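One chain, subunit A, links the two complexes that follow: it is found with subunit B in the first and with subunit C in the second.
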Partner chain A sequence: MAHLVGVVAVLSLPNPRPAFAVALAAPLASAVWAASRLGGGETDTARLDWVEGLDLAVSFRVGPLGALLAVLVSGIGVLIFVYGHGYFGGGDRRGFAATLLAFSGSMLGLVWADDVWTLFLFWEATSVTSFLLVGTKSTDSAAVTAARRALLVTVAGGLVLLAGLLVLVDVAGTATLSEMGPVTGDQATVAAVLILVGAFTKSAQLPFHVWLPGAMAAPTPVSAYLHSATMVKAGIVLIGLMHPVLGAVDIWSGLGVTVGLLTMFWGAIGALRHADAKLVLAWGTVSQLGLMTAMMSLGSGKAIFAAVSLVVAHAVFKAALFMAVGEIDIRTGSRDLRSLSGLRTSMPVAFWVMVFAGLSMAGVPPLLGFPAKEAAIEASLKESGASGDLILAGVTIGSVLTVAYTTRLVLALFSDKGGEPTEVAPFRWAAAAPSVLLSALGVVGYVLAPSVTDWVVPAAATLETTSTGYALLRWPGLDSTAFWISMGIVAGGAIIGAAAARHSSPPEPVGANNVDRLVDRTLDLAKWTTGRVQHGSLPIYLVVMALVASLAVIPFLGSIDAGQLHAWDRPLQAGMGTAVVAAAIAVAAIRSRIGAALALGVVGLGVSALFLIQGAPDLALTQLLVETVIVVGFVIGLGGLTTQFPANGFVWRSVRIGTAVLAGTAVTVALLASAEDTPSNRESLTAAAVDEGGGNNLVNVILTDLRALDTLGEVVVLVVAAMGVLALSRADTARGGGAPLSDDVRKVRR
Partner chain B sequence: MIRGRSPVVRSAIRAASPLALLVAAFLFFAGHNQPGGGFAAGLVIGAVVALRTVAGIGRPQDATRWFAIGTALVSVVALAPLLGGEPLLDQVIVSETVPLLGKVKSGSALVFDAGVTAIVVGLFVAVFDGLDADELGRDEVQV
Partner chain C sequence: MSVTLALVVGGLTSVGVYLMTSRSLTRMLLGFALLGHAAVLALLAAGGEAGERPISGDAPVAELSDPLPQAFALTAIVISFGLTLFLLALARRQAQLTGDDLVEDDLEDRRIALETEAEGHDA
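Then we have the complex of A and B:
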């Protein structure tokens, strides 16, 4: 809520300068609030029932996990706003700050949601806002393509997730997360797979990881935020939230762990291959997310504990790394590992930030990444049997590669390449301070590991009750197997990394283009279909629509009660009816356009009179007014036309007559089928109208009060449709014609 | 297309517009207890818009604004009760004694109806915008 106010406030700022300062107020407030709850056991809930019958509600629940994640989302958010101020320097960034704030708010909503629909809503909100953020440089075609790719992958995943949630709600019997019990069975398996796929898309798991490296086209503050604490963690959080419900499904941990470990491996390989520092970090993020996914879906108490610890540690060090690379980028104009030289002396702050954050990523003491990585290795050690060995092997290999690409990144980025040192622009505090703070937090987090444990344990315990009793150990001791594995990983990785740094190969294009190709094909197909279906002939449209609508009444053929049919109530109706029918025939027979229009007017007025006789003055009035307007419309339209209808060929004429007869029959059938002799709820409605609506005109009270929700829906649909038409016709005018609408207008004018 | 637009038609439409708007206002307020209502009022105003377009007299231009006003009114009436803990679209009925008119009873449905009116009018404006109706009504367009 505070974020919404913030977005409006930022957008309405008269002066662009303080945009970031104003924007950080909301995340600062929520970070402080959430931090005050860390370690405490209390849970706050807020619930707003919307449609109780459908179990639709907006519902939030902030427990230990919600508080921990909120501290990450909002705390790093605050630093990002500070960093953004330094990164962009000057310029009007109100829109950017507002979008970032909206994204941050969506992310908070996501981690606090206690209702699957609320969760889904915010899930999609993060997709849309991140699309805007990635595409910030809207003039850069690479950025636009990357943003489109990210949007399509995550939104497609969102749809899969929606399907999964629907199945889940059906099998669990409730939409409230905290009320769901464990479920199993075929339906639960379907839900599990669908939800996992949704989570994979968001958290960039194989094979949906393609969007993440491309998203590096975004400004670095966006990357630092999206790919450390927020967007990509949404999938991990989702897997965690679903663990108590779906964790018992057979396929859950198998699928999650397999995909997670493969992603960890593939991401690390990608990170080793690239020469763009930011892309190295992006692929490193993919790899780290793989480890987190594997741990979260492994589902043992220790594994969940490890996953939550990794989420915390990763958010802190990855944000720092991105910020440092962004600082190098804006001060040197390059992120290329092969050309940057002499940065160690010219940019000492960035160097030390990278070293500390990098060591944390590699899992080296004394940094927070170490105990978190230890927890992951111990969780793998605890798994028994062949699958346990495989998991341990996967985590180990992945970690070795992680150390390797981290080493390579730091060594290559800061080595002297010979020749002139790269020129460096002046130092900016706002761009450096947040990353210094975050990398320092890596050390502080290690020193205060017991406190961090106190925050992580209750958070993990809300997902898996057996997560209590574990701790982030600063020094596991020399007799710990995990410790020696860890040391081996660091040593092995460092050697590989140092070797890779020396032989920096040119970047190979890693095929992320498949998604783009798919998108282009889809667009081509759409163009082709549109060309076939939308040929721009209004008569054909009308014929098709009338035919299809006629088919719709077939099911109602059986519900006509012939017994209650009678010719008329009053003789006047018979007379009026005859006049209407005669006029209708005249419309079809008259060759003159204006004559047909007048005859059509007679039909309308006659129907209006019939309504009046039947005792429906409201309907009659409306019909009368509509007829009046139609006459004016004809006056406008007919002026540009020939006075006679053009002659038609026999076939076309027959088709049209046939369609008209069919449509007429269909409407008659529909009316007969829906007619009731005695309106069933007339008395109750009349009473309600006077009591609740305070009016005597039953029809209008129904429209504006008793059934106002229907009216609301109708007018909104009307507005949306009209705005769409308006936009289309304007786009056409702006482009100078050529679209179907104006073709028609032109044809008609001729 | 309406070549050599008749000054009689023009003046007549010009003179009739305020009267028609008065009728619209009457229908709007009558709607609660008698035939009429927001939709009917919108249609009458729409007809005025149409006639003025035909006659080439000024008419409301910005359909988007009508839509915005209408949607805002409708949504406010729909959502406001939620803040007070009442169900969506719950009506508030006010009864006041006003000088000249006597006892007037009305409710938030009236505001809702006003939103409907605005949207209907917007629809007309949009149709004429979309059809380039101003151009159709302009003299120099030869057909």
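Then we have the complex of A and C:
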């Protein structure tokens, strides 16, 4: 709520200067509030029922996990706003700050949601705000393409997620997350796969990762916030939230772990190949997200604990890394690992930030990344059997590569390439301070590992109760297998990374190009379909609609009850009915306008007679009056027109006749199927009319008294129609104020 | 329910739909009027068997025809009357402006269709 106020406030600022300062007020407030709840056991809920019958509600629940994630989202948000102020320097950034704030609010809503529909709503909101933020440089075609790609991939994933949630709600019997029990079975499997796919798109897992590197076209504050620290974690969080419900489904952990580890591997390869520092970080993020996905879906107590720890550690170090790279970018105008030179002396702050945050990413003590990575390795060690070995191998190889690309990034970025050192613009405190703070937090987090444990354990325990026994260990001891694996990873990775730092050639973005081509094809197909389906001919639309509507009657075919039917109420009804239908056919058959109008009059008369037979004299009287006016109107209004209707081709005519017969049959069948003898309560109607309405003519009393408001509406409709008729017939009787037919109209006319 | 009435409703609907799918506004108007008749008769048929006119005191209450659908039908008659006259005025205006009362294809839609056809030939 505070975020909403903030968005409005930022947009309505008279002066663009303090936009970021005002914007950070809301996340600051929520960060402080959430931080005060860390480690505590209390849970707050808020629920606003929307449609009770449909179980639709906006519902939030802030437990230990919600508080922890909120601290990350809002805390890093505050730093991002400070950083944004430094990054952009000057200029009007109110729209940008407001969008970023809107994103921050959506993300909070997402992690706090306790209702699947609320969750979905905020999920989509983060997709949309992400689209706006990636496309911030709306004049840059690469940024626009990247934004479109990000939107289409994540929104397509959102649709899959929606389908999954629908299935899930059906099988779980409730839309409230905290009330869902574990589910299994075929339906649960379908839901599990759909929800996992949705999570994969958002968290950039193979093969949906292609949008994330492209999203680096966004300004660095956005990349640091959305595409590393927060939004891409939404998928991980979703997998975590669904673990208590769908964790027991067979395919859940198998699919999640496989995709996660493959992504970890492929992302790390990508990070080793690219020469743009920001792209290296982006691919590194893909890789790290893979590890988190694998841990979260593995689902053992230790694995969930490791996943939540990784989410925290990653948010802290990756935001710092992005901020440092962004700072280098704005001060040197380049992010190319191959050309930047001499930055170690000219940008010492950025250098040390990169070193500390990088060490945390590589999982080296004494930094927060180390115990988190240790937890992941221990969780893999705990898995037994061949699959356990595979998981351990995957995590190990992925981690080696992680160390490698981190080493390569830092070495290549800050090495002296010979020649002139790169020119560097003046230092900006606002662009540097947040990254310094975050990289320092990596150390602080390590020192205060027991406190961090106190925050992470209750959060992990809300997802998996067996997570309680674990802790983030500063020093696991020399007899720990995981420790030696860690050290091996660091050593191996450092050697590979140092070697890779020497040469690199940027690869072609294969996957991204394919997605773009797919998007273009889809748009072409949409256009083609539009051209075919929406061809602009009203009669064809009507035929299609009538045909489809007629098909709706098929389910009723079986429910015609012959016992409710009789041939006619009075024998006269049959004769008059035949006459009416015959006259109606005449209306269609007569090719002169006046003749058709007269035939319509005959139909009207016949219908009046049917009314009389049915016992409805008021209706008959009204129908007679109306029919007279209409026939007169026809003669006056259209008497001057060419007398003959234009004829049309045999085929089209047959189609129309076929459709018409089908529609008529459908209506008859529907009417017969709905025959049931339950008349309205005539006694009470009669009593009400006589006693309250003071009249004996029941129909009249109903219209003027019991349903007087309806009648008033009817009169209004008539008045409006009359005004329209008057206006149309008064509009210049000669040639009219309308423009003469344009050439276009003539061309299109057939 | 009277099968006759149901058949009459179906027949009126058929002819109405046939006329509605015409290109001439006048014929669409005729079709619309016929559909209106069909709707009113359907309402009436839904009211059950024919009976005495629904005036209290004329006959025992049980023998009266059901007044409620009649009230609905009366509203329907009046509304379709208003719409028919409005359509009539529209058709007349169209005839004034273009010399006939034919409904043209939507210009923008035709343009899109032509564009994609052209692209199809290129490929």
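Note that in this section the second predicted complex is superposed on the first by the 526 of 750 C-alpha atoms of A that agree within 3 Å, B and C clash if a C-alpha of one lies under 4 Å from a C-alpha of the other, contacts with A are read in each partner's own complex, and residues count from 1 in each chain.
Simple rule for what comes next: a residue touches a chain if its C-beta (ideal position, glycine included) is under 8 Å from a C-beta of that chain, and two chains touch if they have at least 3 such contacts.
What you are looking at is a predicted structure, and each value in this text was computed from that prediction instead of being measured.
Once chain A of one complex is fitted onto chain A of the other, the partner contacts of A:718 extend to both subunit B and subunit C.
When the two structures are aligned on the shared chain, A:709 is found in touch with subunit B, with no touch to subunit C. In the superposition on chain A, contact is made by A:567 with subunit C only, not with subunit B.
In the superposition on chain A, A:390 makes contact with neither subunit B nor subunit C.
When subunit A is checked against subunit B and against subunit C, the one touching more of its residues turns out to be C. When the two complexes are overlaid on their common chain A, residue A:584 makes contact with subunit C while staying clear of subunit B. Of the two partner chains, subunit C is the only one touched by A:535; subunit B is not. By the touch criterion defined above, A:615 reaches subunit C but does not reach subunit B. Contact with neither subunit B nor subunit C is seen for A:156 once the two complexes are overlaid on the shared chain.
With both structures placed on the common chain, the touch criterion links A:495 to neither subunit B nor subunit C. In the superposition on the C-alpha atoms of chain A, the part of subunit A touched by subunit B in one complex and by subunit C in the other spans residues 617-618, 622, 626, 629, 633, 640, 696-697, 699, 703, 711, 718, 722, 725, 729, 733, 741, 745, 749.
Of all residues in subunit A, those touching subunit C in their complex are 524, 527-528, 530-532, 534-539, 542-543, 546, 564-570, 573-574, 577, 580-581, 584-585, 587-588, 593, 596-597, 600, 603-604, 607, 610-611, 613-619, 622-623, 626, 629-630, 633-634, 637-638, 640-642, 645-646, 648, 656-657, 659-661, 663-665, 667-668, 671-672, 674-675, 677, 679-680, 682-683, 685-686, 689-690, 696-699, 702-703, 707, 710-711, 714, 717-718, 720-722, 724-725, 728-729, 731, 733, 735-736, 738, 741, 744-745, 748-750. Remark: subunit C residues 1-24, 26-27, 30, 33-34, 37-38, 40-42, 44-57, 61-62, 64-71, 73-75, 77-79, 81-86, 88-93, 95-98, 100-117, 119-120 touch subunit A in the complex. Put simply, subunit A touches subunit B in their complex at residues 48, 50, 617-618, 620-622, 625-626, 628-629, 632-633, 635-636, 639-640, 692-697, 699-701, 703-705, 708-709, 711-712, 715-716, 718-719, 722-723, 725-726, 729-730, 733, 741, 745, 749. Interface residues of subunit B, counted against subunit A in their complex, comprise 1-2, 27, 31-40, 43-44, 46-47, 50-51, 53-54, 63-64, 67, 70-71, 74-75, 78, 82, 88-89, 91, 93, 105-107, 109, 112-113, 115-116, 119, 122-124, 126, 129-133, 136-137, 143.
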